[in-house]
């Protein structure tokens, strides 16, 4: 019905307001059905990666942390940096779904669902790492304050404890947010599903009928959780940053770390959103919903955050450079010139230089370029986390402990496996739940129409008796 | 249509809350049971410890029956004959470990007493063949726990004005239960960390970890 | 249960109080050390004595090369003398004309130890003896403490070394007063806590205070040049207390304003305000 | 202790394992898993021993046999297991201190590679067979090869030799003070004068590693502690490669290998010319001093005039001083002359004393004996040899061709605790009890009170039932060789107790117990007297070869290699390079640069004797003309821990008979060096040798120390 011009790179409107509600349901529900070969291949790859991770963990459990080639000065390495990386990924969803929801940026509506899913799954991925990096994994639950008659409690001064609290809280609330936001769509799925899906959706949709009272409660709850989630998200990554900022190690003991980490988190999150945006649009034929103008907006957002991150980065460097904390300065210089310098400069290139490509419209409108660009942005952000953890440990204060260390195979296996685990969860999600919010897209379309046509109609009927486009669309059978 | 809708029962917030609380309580309780390994059935012997000025945890433990090379009966020796614990476990007051009495000590009596009993014959035979019986350890704590009999006896028995050496059984009973009632030795107290901690709290024992864990 | 909760609250208030006052708040002892770097010959006797006393595992060349060794007491050797202004002739000498500098480095038992606040399960904490204790069976191996230690004197059991380090009958030599650490546990110098315990038990049984010199750490006892001194800082009469006083070094400061700045006593990384309890006496050379 | 032997042993074994096994469970699993209720076994005593309480450590006095110094030890015994060794505070030798080798005696005792049963041609055999074979084969021309030995073992040994005909006793120690003792005998007619490091204001060491391996390191380190207290003495060292003593020297001077004597002569020259000292009693010496001008020293030894002057000035200005030397016989003689010239004799160098009971007196080994053994063996003068406490197949310099020499000996018996290169080639191997399981008496060659005898008593029942003590074996051999007066004793304990009782003049149990507790007793001693320096020849033969020379040094730790089977000492970083578990060659950075080498490069060192390949470590503590390879590693057959590294002695050619340097450690062997092309990081405690601006080891000047009296 709507001409293909809307799907080309010249498209200007966020969404074609003439799109029929029925077709929205149809498109989204279709995306949840009969997976094609590509899907199974992707799933197989993810599962394999995850399997490797499990093997590595079992090996490490049997032989001890030495398998990861950690040593007396490098007690942490990729595990913690990847943990920070995934925590960072988790912030995008909150940004899109909660923050933009509060500021009524309605272009978020077609894309926030998978972003929110990404939040949840990357949190579930991140949560793995603090556990597997423990020397005695089997005692991980000791960090939780639970009642024992030994009268033992965790050390509430330790940032790791704060981590445990923050992450669990954040995970719970983001799951809630994702789920509650999905309820109306689950109802739609329920009405169109059969078999086990029917039962599943019937249970999950909590008897949603879409009457006004339900909508009122729904809106209110959704808003509340959104408000609750935003400070939580900020605090979570601030706390993660305190794992480092609270220590006395040169290069870690930095006051600007909390905002720096939050910015970095949003940054990597947005980059990841671009990646998934393009993949979903391409594979699920979501051209009508995940349109170029929206992509364009996401890109601009990414660029802004990238600049904030770069700024904070430079602030940190400057504060070290002009301060007289010699060990910190040594660490900074070592980052730029030492054995890890390639990765440092890689981080700077991908993290601070590459974003400028987003200034060009043709880049923002070219899926293929953008896809790889977004991948490299994320590589840059992963390197950033690594460059925070390792160079500091390779120098520190005591010369006897100066040494360079390269991660062992178990570490690489776990890092790769974490992507497998994430991909696995996400692939399951897109086939079981609608990864585009149907009801909100409908709202979007509806509002756009209102704002555009209603007044036009009035004018036209007022001055010339010609029926306006609204009438046309109604004839062409919308809702 | 709309009327029915409005008649629909509201969501049972209260019930949900109550359920949540109950579940939480169960979890906490479960954790406790798991931690202190409380065994529902007691050993059936009330620990009879009368130590003035000392309050000690009363929970009991049903230890398994540990087979011993010689069926030595504490009930007979300590209970009926009233031999003092420290007569045999003489190292208890001088060392971390209470120790098993040397065979010579047994033979001190059993060269004349009850030489016809089969168990005693076993003992005599071992003694003559110069080998010491391989006793199975009954009361054991993990190897990272360093418990000192010496210090505890000192505090509760010798430094306690109201106590006299003949009250040793009461002091021992604080952690070993009333051995006068059992035959072959059995573990009758949990001897878990919680068990120790409660006693230390009640009796102003040290709370510093390194007192026990080194 | 009530007593438990009461204890928790009391413990918490003590804890925060002590925290404000920088460490444990009511010390019974304050064990500290003095090491004379001019007497230290770097002969390794202390290090080996530590292996013997504290059940330290030897890890072999491969793991040592991977820097996974566990030597609570390590003798570092440096070839430069940054603080010594040399005579012109020696300044550009291409021989090691002043020999080498040796530094026995073990856990400094900081009073404001960076490792303590970061342990998620409080496996490392400050004892009433003023020691920085490590409770092996509470440790879950997050290794945060080691990351936060400026001296890098906390050692992690990256493997189980029991088969390789103590093949039979060597396990008979293991000191029963110390638990043998297994993989995944952090360990470090304890100032020979087992000897402290033994001494304090004897003292209690005899109803007296611990005498100065009654406790000797393994390294101190074997040091052929008697370069190591160990004792209780709170005991005015102890040799260690005297030495700290002589060298005008005080606890709880990150800069010492000595009346006589030429005195040899100094603490390593004092400027980090970790408040270490090992006093080093400067090495001396003829120039 | 021998009273309840069976019971104790039975008790020990099981409880030992039980206890330790339990300890091993460690803190791996939560408590409810490691609880061994009803699983762990407890063994009680049969008869109680008043001084043994389970869970309480008891301290027994004994003697350390890790090196010839014979320090007194206290061993902590708990549940019948020896857990820890400390120095015996009552002994004058070590005054309660121990070195790392002493600490590691535990591992020599608990070593997993102990020999547990007699071997005949490598096959397990019974004691009876072994002894029968020995009685059959070892009848005439019997020789004994031991390390340094003293006390009643020596008495029995000599008796056995006497009974088996005109055999000879070769005492073999690669690390020895032969040069010093010979010079002492020659110049002052006292082989072992007493040194007072603590009284000296300045000490000059010519290749004598007093703090590391020389004579009695713990004694000297004890004195060094006082030497460093205010008023602080100045330590100077002249040597080709930095020893532990050199590393602690205020002034360390690198001399070309084998030229320490020249430096010492140069110092004497300056003392005469510049400071007006004289040595009229020794014209030879005087002329030698006069001829060695600083300029000559410069081009012989490569020691700058400034450095030489500094040494001379220090010695002249600080009195009393002390000059010790072990680099070569020449150097040692010059050192004696210098001491006389500086007037140290009687102040820091006083006459020693020796025990009257001469048969007990210590024999300090030497490489000379090793050489003579080789010569005699080749000449077929030795039909049977008993080897104990020595590993000739490993410590013999290649120049001696020890393999052939041993082959030439018809019948070889090794009395050893562990398998090594020598036991491999021996016909009969008798399993020896470890030093901690055996009885014995030892007379410290140096540092003890005059006439003191250290008693060695078992700290533990033998780990392996089949092993026997050295004394017991000697007693058995003596009996079968028909030594009279031995039949009365059924074991060495009995013999020793009778002998000691005779020496302390009391048969009472109480006195015996007192001796056991003290770990020592004093026998009559006679003080030596110095002769006024006899005018010996002070020569110095120039070494024309201007090329690189190989220097083999010993470091405290692995010593001459006898401790290479201790994982503690293998993992204790070498004091100078901080390297572990492997060998290396020390080179001066300049020299390395000349050959285009860098740290960790594998080089092959080639002498006329052969070639070894090892990694290089460069630092400024070596003379540019020297390549220094510490000995101790490179075992081929010495247990699971000793296989790493190379043995420099396999390419060292000891210049035997040359009176200037007849000892391996002093030998400078011309060596060719060539890169192999491989580079691997040398495993060390630390990758950097710099402090990177941190205030780790702060160094102040002696003047400042003097101003504050070191804060004393």
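Annotations for the structure displayed:
So that you can tell them apart, the chains are marked A, B, C and D in the order they are listed, and the count of residues begins at 1 in each.
By our rule, contacts are C-beta pairs under 8 Å (C-beta built on N, C-alpha and C of every residue); 3 or more make two chains touch, one makes a residue touch a chain.
Predicted model, so just to flag it, every value in this text is computed and none were measured.
Each chain gets a centre from the mean of its Cα atoms; the one farthest from the centre of subunit C is A. Each chain gets one centre point, the mean of its Cα atoms, and the points for subunit A and subunit B are 55 Å apart.
Centroid to centroid, with C-alpha atoms defining each point, subunit B and subunit C lie 37 Å apart.
Centres computed as Cα averages put subunit B at a distance of 54 Å from subunit D.
One inter-chain figure worth recording: subunit A and subunit C are separated by 45 Å, centre to centre, where each centre is the mean of the chain's CA atoms.
Under the contact definition stated at the top, the residues of subunit A that touch 2 or more other chains are 139, 149, 151, 397-400, 403. Under the contact definition stated at the top, the residues of subunit C that touch 2 or more other chains are 4, 7, 11, 69, 74, 76, 78, 136-139, 160, 179-180, 183, 185, 269.
Looking at subunit B, one finds that residues 142-144, 192-193, 198, 201 touch two or more other chains.
A complete topology is adopted by the chain contact network, contact being made between every pair of chains.
If you check the complex, the residues on subunit A that touch subunit B are 146-151, 209, 211, 213. Against subunit B, in their complex, subunit C makes its touches with residues 3-4, 7, 11, 125, 127-129, 131, 133, 135-138, 177-180, 190, 193-194, 197, 201, 204-205.
Chain contact summary for the complex, subunit C toward subunit D: residues 36-39, 41-45, 47-49, 51-53, 55, 58-61, 64-65, 69, 71, 74-85, 89, 93-103, 136-137, 139, 160, 162, 165-176, 179-183, 185, 218, 221-227, 243, 246-247, 260, 262-266, 268-269, 280-287. Those residues of subunit B that touch subunit D in the complex are listed here as 37, 63-64, 66-67, 91, 94-97, 99-105, 127, 130-145, 187, 192-193. Within the complex formed with subunit C, the residues of subunit A that make contact are 63-66, 69-73, 75-76, 130, 133-137, 139-140, 142-143, 149, 151-155, 157-161, 164, 243, 246-249, 393, 396-401, 403, 405.
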